[in-house]
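Paired with subunit B in one complex and with subunit C in the other, subunit A is shared by the two complexes that follow.
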Partner chain A sequence: MSTTSKPPLVASAAAVVTAPRRRRSLGGYLFMPVLLALVLVFTFVSISRKDLDSTESKRLAFDYIVARTVEHLELTVISTLIVLVIAIPVGILLTRSFARPVTPFAIAFFNIGQAVPTIGLLLIFAIVWSIGFVPTVVALAAYTTLPVLRNTMVGLTQVDASVIESARGMGMTKLAVLTRIELPLAVPVIMAGLRTALTINVGTATLGAFIGAGTLGSLIVSGYSGNHPFITIIGGILVAVLALLVDYLAGLAEDFLRPRGL
Partner chain B sequence: MTDTQQTAPDSGAAPDGGTIKIRLEDLAKRFAGQREPAVDDLSLEIPEGEIVIFVGPSGCGKTTTMKMINRIIEPSSGRIFLDEEDVTKVNPDHLRRRIGYVIQQIGLFPHATIANNIATVPKLLGWKKERISERVDELLETVGMDPGQYRDRYPKELSGGQRQRVGVARAMSADPDVMLMDEPFGAIDPITRDRLQNEFLRLQERIKKTIIFVTHDIDEAIKMGDRIAILREQSHIAQFDTPERILVNPADDFVADFIGRGASLKRLSLSRVRDVELHQWPTVEQGASRDEVHRLLEASDKSAVLVLDSQRRPVKWVNADHLQRAGGSRPLSELGLPAEAVVQPNATLSDTLNEMLSARYSTAIVVDSSNAYQGIVDIDTINETVRSLRRAEQGRLRGGDDEHEDS
Partner chain C sequence: MSYSMKLARLTALAAGLTLVASACGSGDSGGGSGDLAGKSFTVGSKEFTEQVILGQITILALEDAGATVKDETGTEGTALTRKGLESGEIDMYWEYTGTGFIEILGNSPEDVPKDPQELFDAVAEQDAKNGVKWILKTEANDTYAFAASQETSDSLGVTTISDYAELANSKPEDASLCAAAEFLDRDDGFPGVEEAYGFKLPDDQITEVDLNIIYTALPKADPCNFGEVFESAGQIPANDLVVLEDDKQFFPGYELALTVNDSVLKDSPELEDVLQPIADKLTTEELQKLNASVDVDGLPEEAVAKKWLEDNGLIG
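Right, the complex of A and B next:
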């Protein structure tokens, strides 16, 4: 958290009001996209310069890479959306006073999803259920529900009790306290959980290649099994770039969704 | 002060002719898993427009009692009446919008601007935007904060004292008749606390709300309260009465212990200069001739005259000696002793005595809000006030028994 507020040249009341909303300097915001763009340029230049054999030219064709990237992003986004739709409402419910008796059981249940390795879950799904997009999404979502759920609960319970009491004391309904006080104040912590989930999902989606869900992982897998290390390396670089980009965007969202005044 | 008269729990609650704003009837609270009730069968009547203090040791149930009034804590049994309307079962959210609420930690919304914090209840009540914005500015001015400067700030940008003021402004936003204040000045440094207390008392003179104020500090209770309910465990009322009567005649040893020593001194902070009779003193304008001063001194039994400037502000004390020693032509304003120990009518006698002692005078000059001379309070007046207060209260409490202790 490097706040980069320089001492104001003119000491005025206004200087306090416009307290820095951004957490990073402009340079801090530009560093990552510029780096990623450079890596991508370097990657595509090396592809175009290399004499490709038939497998390589098929796997490293621009359209093929774009199609795999889209699959990869679809898996990531949809699994994260599912997590969001499950974990946040459940997190809200579990922090209500009436849910206190069932909270430990619910946590234990979602813990199963995270304790089982995703690759194991994927293979079990492949054997007993199906292969392709859907089981991969389910496995990813199962794995990352817990961090979001836990952060939602932590975010809501860390809201200052006196703030909630004063809100209730002024006659705000429970629902209004939740939507106008608790959730906005929990946003930074919930967003941190979502960012974690997103980052895990974008990395783990690579494993979808093992059960026919495509993704950039298929570059890695096919390069490895067909003894084409160049394809594997390019696949690895592209997965890394995508993961860093997604994490960077999530970080931006974190910064800009954080309520002012916190 | 032990004999016959014990203040029975209910006797003090009879309002002195005023209307009853809040009535608690057999109120009790039992928390799950606790054998003893936190509040046991409390009945109390709270008169309109007064500050009623709940004071007592930690854990006596005073905060629980207060929180049952706006039903932040739901009573286990008993009933609550507001304006003689039974509000024990009405929608608690609607009830709370009629009751201002200030807690020790204040609980401002950190993600909302000061204006939005203050606007909370008006928004819930569906006020129009312009009305809300006008009200916010008016309230900020009421609590002594410049709207232009503070409206759009966030709570973390304010000092503790400023947050407390915003908390009070927020509680008053929809102009509720009743305010509940739970140790509102508890987390503030002593100097700021004193200032905020005085500001609040001045404000209350104007707004005349019915206020229930919880504190554990008996000095704060005496200073702030029109009436004090001294509570012992389970919110049993040890005594419910005016500060004067509690100081003069504590109902039992518990109350006496709780008040602690120095009750006579505490009594001095109950009376204000405007409550006592002012003495008049010979005064002259600073341009007056010496003959005039001599004439005045001869005509009066006082040994000195008070010299005032053209706006009637006190300048100097001058006596015959000063005139003689100075001789010749020096103006009156350069003679004599400085007119120190100046107080305003709303100063307490305790403050006044303090002023006298630090100026080493036996009189204090009373001035109005524009610092113009009004009269004199002397040390005998203070002494006599304390004594007569004590006599009157004891006489009343003992049913006209004229035996009294001298202080």
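Right, the complex of A and C next:
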């Protein structure tokens, strides 16, 4: 019974990251931060050594860059938190047997969020709703809910049915099975989904520059609209460094939050 | 290489289509009467809405005067369009005096003459050596401007940039501004306005957005009461916005005029008389309406051009 109902769910959840990873050596842990620090040093040295015009000195001032980076991180973190609060509980609900009939519809609904390009969503929000931080957070969350939801569901459904059965046989309640067996076993897959969401959000938050949310995207936009390629390149480098850093930190969390014995 | 081949093919296609079109139309407009009977021209334009509309207006008016016209409207950017004019690929297109003075002739923004006529004369004189004639200066101005919704303008009592400067100094939270990055960066943009009008808007009252969003954000007055706009934009009347008067004439004039290849104008001096009524009718408000028909109502440029000419009794 359970084997016949599983395949369609897994099939609809394409591109799921499930590969388990071992903890890395110390050198493995240090490589990325050292590389990113070097890139940052190189970037700030090249800014300080360049003869800046008035636009460049405004857009590349250290305080300005820090303020935009903070905006960028706030957007990323808050939108990912919203995704977490929505996608994980909904993912749990949708894998319960009573929710089977509505599961395809729910997935189709969250699919819409990911099918609509974020830039389109941002501009629609700007016209019919508002501009700035809040609509940007909502657009980012709408886009990345699906990968987390999908991974939550896959993580839970991949738990071996015989394990659940024996837990029930030992007298555990359904809730206890969920919290003590299913969720711990699903953590690696759920974390992989969250990590994907975080990284996507760092990149996509750049678009916030179009609707008044600031972010490091401001540097990119300022550079191309005013014909200052140097500013655009610096903006691009900083976004890339931030994305790699966030991905690295999420990787660390993945390594250390994974339940022992997995 | 493949790009230029594509371009060549497209041009050939366009030429072919024009031939077919003019062959079809030759019964009434191509060969017969009219001041420009037997003449043929190539009309160009840049890629954005009002440029294409103006190109179509010019084409229809020339055809109405008996000429055969090739449509080369819609070239990407000032640089390429202008190159087409100098090389003779196109015979004429509508250009802006401010763009001519700064971008094409390479003068500094600080040296732009404040008086529109003086600016036009300066551009016309300097450009003569390049074999380009500036004729038919219009009153239609596509310059930078500040705008607000009618309601905001009324309730805050702001109708000029001087009023705005006063508000920015006394109650900066009411002077909140939405603007695009380029306007905020350029020395002849917002920093220049602040200097010329003597005010400084705090950074937290400035929201940096994409230009096209400003028109729909202003009626909501959230997060900004005022915004940077282009004065001829069709979204200004469509969103019931008012443009603040640049009472110290800070922004350079970007008034439309026809740039024509010198030798073409020598061969067909009647051109000027044929197009003069169009130049007389073109104002910033007319341009806003034309742009709105395309950008807001979604009509094709050619149909908008034809209707405008007919409504104003300029062809028929």
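Here, the second predicted complex is superposed on the first by the 240 of 262 C-alpha atoms of A that agree within 3 Å, B and C clash if a C-alpha of one lies under 4 Å from a C-alpha of the other, contacts with A are read in each partner's own complex, and residues count from 1 in each chain.
By definition in this document, contacts are C-beta pairs under 8 Å (C-beta built on N, C-alpha and C of every residue); 3 or more make two chains touch, one makes a residue touch a chain.
Model, not experiment: these values are computed from the prediction.
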item: First, second, both or neither for A:Ser218, with subunit B first and subunit C second; value: second
item: Subunit B versus subunit C as contact partner of A:Arg195, first or second or both or neither; value: neither
item: Partner chain(s) touched by A:Arg68 [first = subunit B, second = subunit C, both, neither]; value: neither
item: First, second, both or neither for A:Arg150, with subunit B first and subunit C second; value: neither
item: Residues of subunit A contacting subunit B in one complex and subunit C in the other; value: none
item: In the complex, subunit A residues that touch subunit C; value: 54-55, 58-59, 123, 126-127, 130-132, 209-212, 214, 218, 221-222, 225-226, 228
item: List of subunit A residues in touch with subunit B within their complex; value: 13, 16-17, 19, 160, 162-173, 176, 181, 184-185, 259-262
item: Complex interface listing, subunit B residues touching subunit A; value: 70, 72, 92-97, 101, 103-113, 120-121, 124, 149, 152-157, 167, 170-171, 180
item: List of subunit C residues in touch with subunit A within their complex; value: 178, 180-182, 184-187, 191, 207-210, 213, 216-217, 220, 222-223
